[in-house]
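What follows are several structures.
Across the two complexes that follow, subunit A remains constant while its partner is subunit B and subsequently subunit C.
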Partner chain A sequence: MLQYIARRLIQTIPTVLLVTTFVFLIIHLVPGDPVEMILGDYATPDSIVAMRGALGLDRPLGTQYVSFLTGLIHGDLGTSIRTQRPVMAEIRQRFPYSMMLAFGAVAVSTVLGVPVGVLSATRPGSWQDTISMVGALIGVSMPTFWLGLMLLFLFAMKLSWFPVIGAGDIGNIPDTLQHLVLPVLAIGLSGMALTARMTRSTMLEVLGQDYIRTARSKGLAKTIVIYKHALRNAAIPVVTVVGMNIGHLLGGAVLAETVFARPGLGKMVVDAILARDYPMVQGAVFIIAMVFILVNLLVDVTYAALDPRIHYN
Partner chain B sequence: MRFLRGRKSRLLTLTIVAIMMVTLVGAGCGKSSKDTGVLKIAQTYDMKGLDPINLPSVTESQIAGNIYDGLLQFEYGGTKLQPALATEWTISPDGKTYTFKLRKGVQFHKDYGEMTSADVKFSLDRVRDKKISQAASNFASIDSIDTPDASTVVLKLNRTDPALLTALAAPTGGIVSKKAVEKLGKDYSINPVGTGPFAFEAWKANTETDLVANKKYWGSAPKIQKLVFVPIPEPTTMYMAFEKGEVDVIQVTDGEHYKKYKGDAKFQVSEIAGLITRMIGFNQQIKPFDNPKVRQAVVMGFNRDKVINEMFGNISTKAKGFLAPSVPGYEPNQEDPPYDPVKAKQLLTEAGFPDGFKTVMEVPNIDRFTVPATVFQEDMRKLGITIEYKPIDTATALANQRKGSVPIWSVSWNQDPVPDRVMMRFHSSQYPGNNGFGYKNPAVDKLIDEALASSDDKVRSADFSKIQQQIAKDYVGIWLDNEKYIFALSKKVKGFPADPRRSLRMFPVSIDPNAK
Partner chain C sequence: MSARLTRTLRKSRNARLGLGIVVVLLVIALTSPWLATHDPRTQVIQDRLKAPSAQYWLGTDTFGRDVFSRLVWGTRISFLLGFFSTGISSIIGTAMGIVSGYYGGWVDTIVMRVVDTLMSFPTILLAMAIVAILGPDLQNIVIAIALTFSPRFARVIRSVALSVREQGYVLAARASGVRHGSIMWKHVLPNVVSSAIVLLTMQIGTAITMEASLSFLGLGGDPAIPTWGGVINDGRGFLQQAPWISGFAGIAITVTVIGFNLLGDAIRDVLDPRFSKQL
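Coming up: the complex of A and B.
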């Protein structure tokens, strides 16, 4: 297993390299110039040239790419053009909030989604199934942005249960949780719907298998058949979805971050793209890609734990 | 529900209930800004750093205006210049030597010592360095800086520059502590040290920027203990946070909320015409906008009143000319073409386009530009002009406009309380670049050169007047409106006037804890 993990980790290198190269090319290809953005309306030709030179943006693209890679090897993601601070420091400031949001949302979607999926699968065609699946369809279709504003309107404005803005004081757990509930629901509910639908379909497939019939005919309790025999076998695709969700939400929670005025990597990347802050975009994408790959690795390792037939050696 | 039976499920239910209780207990004692002495101000963006050489947007300038003093300052709520760190100044008869006497005994925040001429020289040398400073072009006239003694600063200029005093009063002219900049290096921008009424305390990314009252301030002591600037990117969320009392000051940018807060006794509204003009420009170097009749037709065919009254809900006033009316040198007697689609159609026919033509318009993808642009597109369609309308991100829009590759574009110009920099935008030497109009008129070039080189106010205002009248006659662009700066305040905020520069200087503002 350890060998497998080591091999997978080595394999991440070309993947990450490919991702960063692609991002480097794309961000430099789009029109717009960070220096013109910084200098704004009153940029003069000589001030543009001077600042471009000072920031190293007048060097050939190839040279800029090589210096980005050299920095990367030394663990240096460069300096943000916009803030003039190390990209790593900017990421570190926001990373914990993104992790909280991603894990919170995935926890909500799993804890609520799996039981709903199981309920539907064990009573296909029943009214519970219909309600769950219609609910899931609505959940998947509801835009995060709109749902977030509705949650704010109901729970923060009308009922005053939760605050409207911010992420709370990170050292104060009740405060942090209180600020986390609505954003986590805003993202988690659509994730939950997806998880529920996925659980239902794989459960239905598994429940039709011979070994389930055998288990039932042995006289095992229904709960044991469903949760121990069926769910464990149906879990693999669900785990995949959960893993993808975590990776996706780390950088993709920009709408929730915007609506709830929370710090996060998603908003940071979008702002950096709009400002053409090349080092910031490259650095953030690099980190998000790394986490994505690591979560995927974790998912693969979990497969083996769930299904003893899967070996990696 | 069967699946929730069993011990594990019960444990799970209990955990969920416990989490909900913990969070709800906190709900009642949420940190709203009800404490006395703390003022929470909403801004759209998070600040990117507070070094005067790099204040990328109005967000940073609004915060920095509380931390730094310049040699001069704007009168509170207005644009007149007043002494600040300089108590007096003299300008030599040729207009090329400025001598400032510094206020004595002014202390930098955080025990960085007394402010001296060395700090002033250091600050101004930094801000005019084109390699590092975003604002270098505002200080380009400075040739050298002498400090004959600790409380005298002499600026030697390479040309006369009547706009320089204004630049020295703006946040980018803020005086920094030399010692602090040298000691903190790259960390300075998130640990700024000035002499202003509030000192920087903390910044939490995308969460808040905190300033505290400077007890050693040379002027009258600030009445508020703490200022908290809170970035809230989504306007709907910002309005909710304001109505719930989580922030005390917001800028209102839509007509609906403007009306709502004006009519509600729970809130106060402070508004003023901004130093800003929103416009739609055409590039004369691209056909058919080289034809003055085509430009006149386009100007007259666009119903500005509809945009201002119906679409924006009276949060702006109709512009007459490209300068904001409160900029000194503004010419009120200039041609202001009325909305006349019939005349417009006739002009198009005379210009040889009886059936109209096809063209492209690029605008930043922000409501304040896309809303007028869609009305414009519709009005032009009525004249037979087909506009391919492209809302794009601001960086691309700006780049293409500067390159001169777009026939029609739209922007807002923030303006100084002196017209010099705006005038330069009509100079032929600025195309491609700041002159996105591709406007080339040798007579106007001459007037601009003369006005900007003169330190005689009479010459300057006569020239500025002629320039504005000529540009109106040449139909260079559509001067849409001057946006109002509207701020909504909670009842407890006392003594805050909106100002035409949209600065948020808070030193005379107080909080009345008893106000409801």
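Coming up: the complex of A and C.
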């Protein structure tokens, strides 16, 4: 187990390095002069020189790369062009909002998606199965941001059950939770649909196995067979889906934050792209990618814990 | 293959539904200039935010533009961008996958490292980063989606190519001194094409959603161009007074994606039944 974790950690190193390099290159890959792009029509020769100096673009590429990496190690992601504040400070301020959203969505999609999938798989062809799977198909096909807007329209504007925009006062827990419900649902429902579909297809496969027939013929209670014998063996693919979902859900958070005007990382990236605030884009992309890599690592370690067979390959 | 296709279509209601939806939308996309009741860009300020009526079937937006006509033209744009971006990503990804799987060794290591790196970003974030580099514009959205999706093709095609490499006919071709390029083109490619087509159909819906998401975020450039995501964005500030603007545009996207998802499942069953568990 430890050996597996160690090997998986070592495999992550080149990926992290390549991701870091890509993030560094974002500003350098801009066609033409990024400084002129940032300053737009207001560019004067003096301001161009000043901006180039401020971003460190006047130094050789190698030097810039080294200082970028040194900065990263010290937790320094540069300074935002728009707000003139350190990018790291901006990220630290917004990070909790995005994490709450992502975790809420993961919770909703797993807690609701797995039982729906199990229910469908144990009664294939029944009306419950049909309804769940039609719902799941619509759920995976609906764009997250649109679902968010429609929830906003119905539950915040028409019924006034929830606040319309923002994330609320983070010190006030009921207020924060109230602001969280609709965006979590907007992202979580499509995640739930995906989880339900995947759980159903893996459960169907597992339920056809010999050991399930044996367990049944022994006269074990149906719920024991389903939850103890079947679901446990279907757990690995389900964990995969939950892992895959996290990327999808982090992406969904980017959109949902824009829809609900929540001050999270996703909204920060969108605003930064539109304002051509490259240090901010780089910082946010870097942090989100690192979170994603870390989550994938955790998912893989969870597999190893769930399935003893993984050690040997 | 066509026998299997007719059998799938006859047997599966979902397959018929998916094909039906996609064909209808394709017809709308092809005939949009004749189908649209108004010019999608013409602004009639005195008719702004009008509810659906006989004159404006799906109402008007804040500039008094006809929502129905914008959605009809949007179908054409979504289909064009969806097909183009997935088409390009399948070509890039298939090439990467074949080269990686066929050569193996350090070539494989390098290609797969790049693929891993690209897959270390949530897809929409990577697409946004690419648009951030190239600038907000529909053409750049196509490039961004194509680059974001190609690693998935590379992974799947590589695994198929790995097994094709060990086949007798490939070994025979190598033994008789056929050049690598020619083996990949004549022996490996034909064997991976069906997997690529399956993945391609399954990705079109995702590509259309991705394009809509990026346009919704305002990364599509010119807001006068009637994209579905753009229409939803136009309606966003007027949900209270004019919910039909965003509402209908989202329904259009959902129905389209359902169509491609169902069709993708059907094509997978026809071309590559083994695949069903891998994707």
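Here is the rule we go by: the second predicted complex is superposed on the first by the 267 of 313 C-alpha atoms of A that agree within 3 Å, B and C clash if a C-alpha of one lies under 4 Å from a C-alpha of the other, contacts with A are read in each partner's own complex, and residues count from 1 in each chain.
One rule holds in what follows: a residue touches a chain if its C-beta (ideal position, glycine included) is under 8 Å from a C-beta of that chain, and two chains touch if they have at least 3 such contacts.
The shown structure was predicted, so the numbers you read here are calculated from the model rather than taken from an experiment.
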## Note on the structure
Across subunit A, the partner (subunit B or subunit C) reaching more residues is B
### Query
Looking at the overlay, does A:L274 come into contact with subunit B only (first), subunit C only (second), both, or neither?
both
### Task
Go through the superposed model and pick first if A:L189 touches only subunit B, second if only subunit C, both, or neither.
neither
### Partner chain in contact with A:F292 - subunit B first, subunit C second, else both or neither
second
### Query
Thinking of the overlay built on chain A, is A:P174 touched by subunit B (first), by subunit C (second), by both, or by neither?
first
### Message
Quick check for you: in the superposed arrangement, does A:L152 touch first (subunit B), second (subunit C), both or neither?
### Response
both
### Message
Touch test for A:V140: subunit B only (first), subunit C only (second), both, or neither?
### Response
second
#### Entry: Touched partner set for A:P31, first subunit B, second subunit C, both or neither
both
### Query
After lining up the shared chain so the two structures overlap, which partner does A:A50 touch, if you call subunit B first and subunit C second: first, second, both or neither?
first
### Query
Is A:V206 in contact with subunit B, with subunit C, with both, or with neither (first, second, both, neither)?
neither
### Residues of subunit A at both interfaces, subunit B in one complex, subunit C in the other
30-31, 37, 149, 152-153, 157, 258-259, 274, 276
### Query
What residues of subunit A sit close enough to touch subunit B in their complex?
30-34, 36-47, 50-51, 53-54, 79, 82-86, 90, 93-94, 111, 115, 118-119, 149, 152-153, 156-157, 160-167, 169, 173-175, 177-178, 181, 223, 257-264, 267-268, 271, 274-276
#### Entry: subunit A - residues contacting subunit C, complex
14-15, 18-19, 22, 26, 29-31, 37, 137-138, 140-147, 149-150, 152-153, 157, 201, 205, 247-248, 250-251, 254-255, 258-259, 269-270, 272-274, 276, 278, 281, 285, 288-289, 292-293, 296
### Query
Which of the residues in subunit C come into contact with subunit A in the complex?
113-114, 116-117, 120-125, 128-129, 131-136, 205, 209, 212-213, 216-219, 229, 232, 236, 239-240, 243, 246-247, 249-250, 253-254, 257-258, 261-262, 277
### Query
Which of the residues in subunit B come into contact with subunit A in the complex?
1-6, 12, 16, 19, 22-27, 30-32, 45, 48-49, 51, 54, 56, 130-132, 134, 136-138, 140, 186-187, 189-190, 204-208, 230-234, 236-238, 240-241, 243-244, 246-247, 393-396, 398-400, 402, 411, 413-414, 421, 433-434
